[in-house]
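Per-chain numbering from 1; labels A, B, C and D assigned in written order.
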Amino acid sequence: MIDFGYKIAETRTIDYEQFDGRLLEFVLENERSFVKCLSCGGCTATCSAGNLIDFNIRKINLFLRRGSLEELSKEIDKCMLCGKCVLVCPRDINIRNVVMLIKKGIVKFNNEQISS
Amino acid sequence: MKIDGKRNVWHNYQKEIADDHFYYVRSCIRQNFFPGSEYFFLRVMKEELGKDVFDDPKHTTCTGIGYHSDVVPFETIQTVVARHFALMKESGYKNLAVSCVTSFGIYSEIVETWKEFPEELEKIRNLLRKATGKEFDVPENIAHTSDIIYKFKGEIAEKQQYQLVNKITGKPLQIVEHIGCHYAKMFPTKGVGGAEFPQVLAGMIEEWGGEVIDYPERRHCCGFGFRQYLVQANRGYSLANSKKKFESMAPYQPDAIICNCPGCTMFMDKWQYVLAETEGKYYGAGKHGIPVLTYEELAGLVMGYDPWDLGLQMHQVDSEPLLDAIGIDYDKNAKYDLSKKISPKKVLIKSELD
Amino acid sequence: MKSIYEQLSEDVRFMEGIKACMNCGVCTAICPAAEFYDYDPRMLVNMVQEKDEESLIELLKSDMIWYCGQCMSCKTRCPRNNCPGQVISVLRKISQELGYFTESTKGRQQLAIKRNIGDTILKYGYCVHPKILKPERHPEQGPVWSWVYENMEAAYTRFGSNLDKEGAGTLRKITDDILGELKSIFDETGGTELFELIEKHSLKKAKEMGLASEDGNLDAYMDHIQTH
Amino acid sequence: MKKTILTVGGGLAGIEASKTLADMGYSVSIIEKENDLGGKVNQWHQLFPDFRESSDVQDYIKQSTGSKDIMVFPGTEIASIEKKDNGFYVKSNKAVAFDIDAILLATGFEIFAAERKEEFGYGIYDNVITSVDLEQKFRKGGQFYNAGGKVPKRIAFIHCVGSRDAKTGNHYCSKVCCITGIKQAIELAKLIPGVEIFCFYMDLRMYGLEYEELYKTAQEKYGIQFIRGRLSEASENIDNSILIKCEDTLSGRPLKMNVDLVVLLVGMEAGEGTQNAGTICNVEFGSQRFISCRDAHLRRNLTTRDGIFTAGTCTGPMSIPETLENARSAALEIHKYLSEK
C-alpha cells in the first residue's frame, strides 16, 4: 500500500446516534433527582477534589448524557465522596449518590459485557 | 423538500454580473490542475458568446494561498490586489472576472475592508505608488467566472448538444454541487443564491437538464484548509473533511460532483483516490469514484466539446461513467494521447451525427 | 511596550472579527477544525476577549491558533457578526512577529509554507507551479499527476497552456519586470520582512532542536516540521 | 360630551385598554386592519405557564367589546393624522374619519419570519416548523405526525430564532420563547409517549413566577433534555429526518443529532403595522424598530408625542398578562392626560 505520510483525522464530534443510554438509565432509575441538573457548576466550585486536581464534577452529567463513558470512568475516580456538592446543589440533587451509582453501573455493565 | 422555498432564497440573492468587457485573472490551482478549464472559459466567452475578455499577461497570483496560510501579510495582499486593479485601469477595464474562489473571496474582503476603513484604502494607494508608481480604481463589477457562466447559462443551453440526462433511463442526472467556502460564506450577497443555498452551479445544472442533490453535508468545507493541506503532517484533516462529505452524499448515488472552486475540485478528486487506496472505499458505482468536474468542463461537455480537449484526463477519478451516462460520443483511446491537438471547433455536433 | 491585546487591536481585521462573544457555539458547531482537532474557536475567542496578557502570550505560543483552516464558515453563522477565522489570522500574524510561532509544533510549520508557497510566489508569480509539485512529495496527487509531471511540456500543451513562455495563457512565464514589481510590493508592505522573520526564528529554533547544520542548512528541520 | 379616543389595533392590548377607557366613561373607536379582533392570541392553543386554554382569553376579549361606548371598525387602517383643536383628525383607508382627543397605538408585534434564518431551512425542509405552526397543529388535535406521516421519536426545540441575533437585526431577547418552548415540549411529551425532546438554548430566561418551576417539571416529570448551544445549521437527511448541528458548549465539543421534527422558537418583531402607524403618527422608534417610550421606567405608555399613547407589544416583547396590565396602565395615562387638559 502507498504510504501517504499521514493518517486520516478522527472526529471529535459527539454523534448522538452512537449514544448508549444504559448507564444513564441505571443512574436515573436509582437517583431520579439527577434529572434536574442545571449544569450551574455550584458543585464544581465547592468540590474538594476539584480544588486540588484537574477534576470537574459538573461534567459527569454531560459525560453520562453524551455517552462518553471512557472519560466518565476516568473522571469519576477522582471524586473524594466528601459530599460538599450535595450541600450546595440548588436543585437538591444527591450528587454523592450519583457518583456511587456511576461507579456501580460501570462495574455492572463491564461485567455484563464480559459475560456476554 | 419544498423547492419553492429555495427559489425564494435564490430570488433574494441575485447579484449584478457584468455583461461584457471583462478583465480576466487566473487561478494558481485552476491553471495548474485544470488548465483546460481556463482555456475553455476564454474560448467560449470569445468564440461562442462573442464577449470581450482581456487575458493580460501582466497580472499575477493574488497571493491568496500565501495569505490564508499566513506567510503573506494583509498589507501585501491588498497591494498585490491593488496592482491588478491598476492594470485594469491601464487597459481600460472595469469588470473583473476571477477564475478562483479564494481570489474572489480576497477581492470581496479587500473591497469591503476599504469601504469600512477608508484609511486602509489610502494606505494601500500609497504603498502601491511607492512600490510600483501605479494608480488604481476599485472595479465596478467583480464576478467569479462561474457567475458569468451562470449569467449566460441560457445562451449556452441554446447551443446545447447534450442534456444532463441519463441516456438509458431518460431521468435527469443526479448531481452534487460544491460551492467552495470563500465564494459566499464571508459575504453572502456576493454570491448567486447566497451562502446557504447557493444557486450559481445549481442554476447551470437545472438549466442543462440535471437535478441537484441536497445532501446533509452539502455546506461543509472540502477540507483544503490551506496550511492543513500544504504541510504533509496536517493532511489527515483535509482528507477527513472530504470523506465526511463523500459519506454524506453517497446514499444519493450522485452521477457527478461539480465544483466552483479549483481547490475543492482537486481535493474532491484526489481524496477519493486516497480513500480508495487506503480504505478500499469507492463512492461511485463499481470500482469507480464519483467523477469531479469544474463548471467549465460541464459547460463544455453539454456544448459538445471533446472531453479530452477540455482536459478531463487530468482528473484522477475517471470521468467516463459520467460521459457514458450522458451518452457522449468520445474516443476512449485518445485519453492519454498527448500528440492530439485541441480541435479548432467542436468536433461532435449531434445534428451532424444523426 | 504595547500589550498583546493592543497589538491585536491595531489590525482592522481584528476589530471586524471580534466585537462581543456570547459563547453560543455556532462557530464550533460547524468548524471543520473543531471536529478533527482538539480545538474550539468559541473558547479561543472567549480567551481573547478576556484580554489577559499572560494567557494571550501562552495562546500565541500554542498549537491552538494553527488549527483553523480559514474556511470562514464561522463568519456566516455568528449571531454577533464576529469572525473567529479572521481573529485567528491576526493572532498568527502577531505570533510570527514576536517569534512565538516556533514554540509550537504546528506553528513551526510556517517555515515549510514560507519556503513552498512564499518563495514560489516570488519565483513564478503564482502560489503553485507544476515544477514544485514533486510526485514523491505528493503521493495523494495520484498516477495522473505523475503522468502530467513526467510529460509536463506535452501535457500542458495538450490543454492549451503556454507553459513558461512569454505572452498570455495558463502557466505562462511571468517576466522579470513583473516579478520585480511583485518583489517591490513585498519589500514595501512587510512581505519580505515577514519572510525574513520566519527564516530567522526558524533557524534559531532549529539550532535549539539540533536540526540545523553548521552552515545554517535547514533541510533536517524542514523534514521534521513537515511530518510533525 | 364624552371625550373620544381612537385605538389603533384590536388585539389584546387595544381591546383591554379600550374596555378600561369605556368603563371610565370615554367613547372609544377601535380600528383593526384584520377582519377579526383578538390579534395573535387567536392562533395559540394553550397558554404558559398553566396550560390554560387560549380560548378563555379570547372569550374574555369578545365580552369586552360589547360596551355601547366601543365602536369597532374591522379591515381599517390609519391613513393620515393632523392636529385639530385640542385633539386629532384621523383619516383611515376607508370612508370613515375620526375627530378624537387622544390616540392609542396598540399595533402589536409580528412573528419573526423563520425563512430569514436560511441555515435552518424553514420553508424548504418539511420537518422544520415554527412554534406558531406547532400551536396550530395542537389546535387541530388528533394523532401527532411529522411531515413524513411518522410519529416523531425525537424532537428538537431551537431557542432564540430571530432573537439575540445581529444577523437578523434583532439584538433583543423576545423573552416569551423560552417558556413557550418548555410549555410546548411538555405538550408534545404528553401527546407522544416515549418521545425524546431536546431544547437547544443559550440561556434559559425563566423570568416569571411558575416559569422556572415548569422548567424543572419538564426535566423531572417529562425527561426533557437541555443542551446549551445555539443551532448552527439544519439539513435534511435522505429519509426526510433533519440533521442538526450545534456545539455542546458545556462539553466544548461539536454535537450532531438526527431528529424527526425541529421546532423553531420564533421571536417577536415590531411589525409593519407598528412601523406604518407609528410613522404616520410621527412618534419616535427605538433602535430595534419598536415604538420608544417617553421614559422607559416612569412613562411606559407615553410616546414622544403628546396625546399619542401606546399599549402592548408595539413597544417591545410582552407576555399576555403583561400586555393586559400594560393596556390598563395606558388607559389610566390617557385618563390622566384628558382630565388635565
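As a convention for this text, a residue touches a chain if its C-beta (ideal position, glycine included) is under 8 Å from a C-beta of that chain, and two chains touch if they have at least 3 such contacts.
On a predicted model such as this, the values are computed, not experimentally measured, just so you know.
Colleague: Can you tell me which chain pair comes out on top for contact count?
Modeller: Per-pair contact counts point to B-C as the maximum.
Colleague: Would you kindly tell me how far, in whole Å, the mean C-alpha position of chain D lies from that of chain B?
Modeller: 45
Colleague: What is the distance, in whole Å, between the centres of chain B and chain C, each centre taken as the mean of its C-alpha atoms?
Modeller: Chain B and chain C have C-alpha centres separated by 23 Å.
Colleague: So what's the Cα centroid distance for chain A and chain B, whole Å?
Modeller: Centre separation, chain A to chain B: 47 Å.
Colleague: Please report how many Å separate the Cα centroid of chain A from that of chain C, as a whole number.
Modeller: 39
Colleague: Hey, what residues on chain D touch two or more of the other chains?
Modeller: Correct list: 119, 228, 233, 248, 253-255.
Colleague: Hunt down the residues of chain C that sit against at least two other chains at once, touch-wise.
Modeller: 30, 34-37, 76, 140, 227
Colleague: Note the residues in chain A that touch 2 or more other chains, in rising order.
Modeller: 2, 4-5, 9-13 - these are the residues of chain A that touch more than one other chain.
Colleague: Draw the chains as dots and join the ones that touch; what shape do you get: line, ring, star, complete or other?
Modeller: Contact map by chain: complete.
Colleague: List the residues on chain C that touch chain A in their complex, please.
Modeller: Touching chain A: residues 34-38, 139-140, 227 of chain C.
Colleague: Spell out the part of chain B that touches chain A in their complex, as residue ranges.
Modeller: 232-237, 239-240, 243-244, 274, 277-278
Colleague: Help me check something: in the complex, which residues belonging to chain B touch chain D?
Modeller: These residues of chain B touch chain D: 1-2, 4-6, 8-9, 194-197, 214-219, 251-252.
Colleague: Quick one: which bits of chain C touch chain B in the complex? Just the residue numbers, please.
Modeller: Going by the criterion above, the answer is residues 11-13, 16, 30, 32-33, 35-37, 66, 68-73, 75-76, 83, 89, 92-93, 96, 106, 109-110, 112-114, 116-118, 121, 125-130, 133, 137, 140-145, 147-148, 151, 154-161, 166-172, 174-175, 178, 181-182, 184-191, 194-195, 198, 225-228.
Colleague: What residues on chain D touch chain B, complex-wise?
Modeller: Against chain B, chain D makes touches at 115, 118-119, 121-126, 233, 235-238, 243.
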